[in-house]
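Take a look at the structures listed below.
Shared between the two complexes below is subunit A, which pairs with subunit B and subunit C, respectively.
And then the complex of A and B:
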């Protein structure tokens, strides 16, 4: 049953232009990340391991992700759920044997796959552009993959939150408003200590995932709290399951 | 005038206050919290506080806030049979489009008022700054409101064309990212002509950030105001022409 529901969600995406929105997220992140390539001194640093050009690019991508993702994930979630509010989809699904909670989980499985694909694509594209820009220093595979995995987890948790918000209230102002305010939380998290940023879930975890920092001496590598990001993923998943089960008890 | 009054009546139960109040207050609180957490003092008192609260707000969130409000203003027309009622209206398309833009202008002005009051309150109560906000920032505030007009008109047009609440906001995000890139790469002529980039110029005024010299000059104010009014007129007329050619559905 749930497999069919997921396939149905993919079918709905075709007319909802979900792929262009996901592509916009990827293009936005890649475009803002590439600003690092135009920074003064960057072209001269591509051969110098001491200048850490990959880390500059990674830091730039991390900043772009926390600026672009909160709003576009809210848009993606809203697009996928709003049609159910407009067309009486909740009632139709329930009478077809698919409860509102199960429908939400199907939406998460289908659209979440698009979110994961978009996040992996933006990470891969930024790395490819770095290579094309002529960076010859050894590529920091572990650091890059660690950040990408963290971004996937935070994006999925935030997407689940926005799906829940979009399903909970028919007025999409709430979800989109939360997305816009989330940009502030994500940006503020970068200026806070690790301990404080933990208290701004899930937006603050974008900042926690950033594996580099720019200091007077230049760019330095950090040791991001991957365990905290993993804990966010587990807690977010459990809360989403619990919240969507509660939907099944509501009168449609 | 009746169209404008009708639009204000539609706003009553729309929850637009959530964006109007929360967004600028979040900008002020974020600026204050970042200052406190980073332990960096306000070296130049009110100027530094204004800079920390307003510059980032103008690059991204303000434009998105106006886009959310534009979607909200048009949301009612896309529900039920309201679109067909709109198509059978007695007033011209221009009246409808001007009414929507006027409502958005009023909401943008309210957002700016909340921002200014928030900065004054935080400056006085949290940082105990001497005096009050320098008068040039009241002028800059008026310029910011005027710079919001083309964005309001453009987003209103998009929200008229798109039934989805969220899709115009995605466009606004991409346009503001483009505006931000244009400012960072100093392609200023294009950034000024992009409605979403123009807001960024207005919020930089007097801060010395990106393209700004650090002082509020008559030339900078005049150029932003003239471009804002010109763009608003063009976009509003274009939107009215498009609305004229729409049909019932």
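And then the complex of A and C:
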């Protein structure tokens, strides 16, 4: 039944403006990332490995992701869940044998795929634009993929949190408010030490995932705590499963 | 089809349903009546395992309704609880497709369900453009799509105009004719009085009456009306039977046959002319009002 429920979630996305929201997330990140291309001295650095032009672009993208994703993920989750509150969808599903928790998990599977696709598209498009802008130095495949995987994990955990929040409270302003606060939390995370940022999940993990830093000497590569990001993914998944199981016990 | 034993639901120290022994025979239209807040919706939710009973047990189609049997039993039960469910941004057809896919039904079943509620000409409209009656019919079509043996409808006529109410009545009668057991709740007796073959009347969470329409009427003793040219004197002479004047007649409440004979004999003995003795015509609504303490109608 869960497979059919996931298929239904894709069908429900019709006319919900899911694609425009996901596209806005992608375009927003790509547009903000491209600021790096307009930075003074960047056009001259595209051929110089010492200037690390790809790392500039990657750092720019990481900053754009933490600025754009929290709010748009909140909007996406809210749109998916609000239709159940307004249309009596919880009861319809329950009387069809699909528990509210299972419905939430089906939503996560379907909309999560959109989130993953949008995140991969952002990463791919920024890389493509870097290439088109004339960067000729070797592309840092491992670093780029490492960051992309981290962004996917953090985005999915944050999306799961917003789905839970939207399902828990019918007033969708709560989730959207949390999304706006999330931007502040994510930005604040960049100014915190790694240790402190660990205690601000999931928003602080956007900052933890940033693979570069700008120092006096220029842009330097960092060694992001991938293990911590993976732990966030596992813990977030377990918590989401637990929280949605609790929904099954809730009386309507 | 449905039996409950000592069914009850308590929230904190507030009892919503108590000691409910429902008996819904197979193939009937069971009118579940009661004033607003009497516990009808909570009872229906317990039947569908949406709310856990505090006490008692439920058996549907001979099987206990509990967590382990819930999904299988729900496959044979269509339900419409509270507001009709639908996704407003989708068309009626897309909504029906969701139900079809979720329950893994074939196209024929959803087509038949849509035809039963006569919605086939409006399927390509978005639900947000539907009237309340059309939404109600779509909700019923969604419940009917699985071709259920039992259909549970909670106030399906709420907010409908008289034509819509009549349409729902006809639909219920048709479904019962096709062998579906229908349990339908309402706080308005007139809406289901003519359709229901069995009535259950709930008041403050307790079953006040359960049986047929005739049994319900028989439960109440209509007033006796005595026609006499001397109503003033006759009223004074029968004061001990709580008589009072009602226009040109004398009205005596709660009198059985023996009591009536005694009153008439007394009046004749006192040389009061008695031109006629009859029972007042009593509507089902009067009985319902009587049972529910005058609430809900």
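Keep in mind that, in the parts below, the second predicted complex is superposed on the first by the 252 of 252 C-alpha atoms of A that agree within 3 Å, B and C clash if a C-alpha of one lies under 4 Å from a C-alpha of the other, contacts with A are read in each partner's own complex, and residues count from 1 in each chain.
The working rule: a residue touches a chain if its C-beta (ideal position, glycine included) is under 8 Å from a C-beta of that chain, and two chains touch if they have at least 3 such contacts.
As the structure is a prediction and not an experimental result, all values here were calculated from the model.
Visitor: If subunit A is used to align the two complexes, do subunit B and subunit C fit next to each other or clash?
Guide: On the superposed model, which is not a single observed complex, subunit B and subunit C fit side by side.
Visitor: Touch test for A:38: subunit B only (first), subunit C only (second), both, or neither?
Guide: It touches subunit B, and subunit C stays clear.
Visitor: Going by the contact rule stated at the top, is it subunit B or subunit C that touches a larger number of residues on subunit A?
Guide: B
Visitor: Return first, second, both or neither, reflecting whether A:15 touches subunit B, subunit C, both chains, or no partner chain.
Guide: Second partner only, subunit C.
Visitor: Who does A:7 touch here: subunit B (first), subunit C (second), both, or neither?
Guide: In the superposition, A:7 contacts subunit C only.
Visitor: Tell me the contact category for A:67 with respect to subunit B and subunit C: first, second, both or neither.
Guide: The first partner, subunit B, only.
Visitor: Name the contact category of A:173: first (subunit B only), second (subunit C only), both, or neither.
Guide: A:173: touches subunit B, not subunit C.
Visitor: Tell me the angle subtended at the Cα centre of subunit A by the Cα centres of subunit B and subunit C, rounded to the nearest 10 °.
Guide: Given the fit on chain A C-alpha atoms, the answer is 80 degrees.
Visitor: In the overlaid three-chain picture, which partner chain does A:230 touch, first (subunit B) or second (subunit C), both, or neither?
Guide: Touch partners of A:230: none, neither subunit B nor subunit C.
Visitor: Applying the touch criterion given at the start, work out whether A:87 contacts subunit B, subunit C, both or neither, answering first, second, both or neither.
Guide: second
Visitor: State the minimum pairwise Cα distance, in Å, between subunit B and subunit C in the overlaid complexes.
Guide: 6
Visitor: Enumerate the residues of subunit A that count as touching subunit B in its complex and touching subunit C in the other.
Guide: In the superposed arrangement, which is not itself an observed complex, subunit A uses no residue for both subunit B and subunit C.
Visitor: Give every residue of subunit C touching subunit A within the complex, in rising order.
Guide: Interface residues on subunit C, with respect to subunit A: 45, 48, 50-52, 70-71, 74-75, 77-79, 81-90, 94, 97-99, 101-104, 142-143.
Visitor: Show which residues of subunit A lie in contact with subunit C when the two form their complex.
Guide: That would be residues 1, 4-5, 7-8, 11-12, 14-16, 83, 86-89, 91-98, 251-252 of subunit A.
Visitor: Per the contact definition, I'd like the list of subunit A residues that touch subunit B in the complex.
Guide: 17, 21, 24, 27-28, 31-32, 35, 38, 67-68, 71-72, 74-75, 78-79, 82, 171-174, 176-177, 180-181, 183-184, 187-188, 191-193, 196
Visitor: Help me check something: in the complex, which residues belonging to subunit B touch subunit A?
Guide: Those in contact with subunit A are residues 14-16, 18-19, 22-23, 26-27, 30, 33-34, 37-38, 56, 60-61, 64-65, 68, 71-72, 75, 164-167, 169-170, 173-174, 177-178, 180-181, 184-185.
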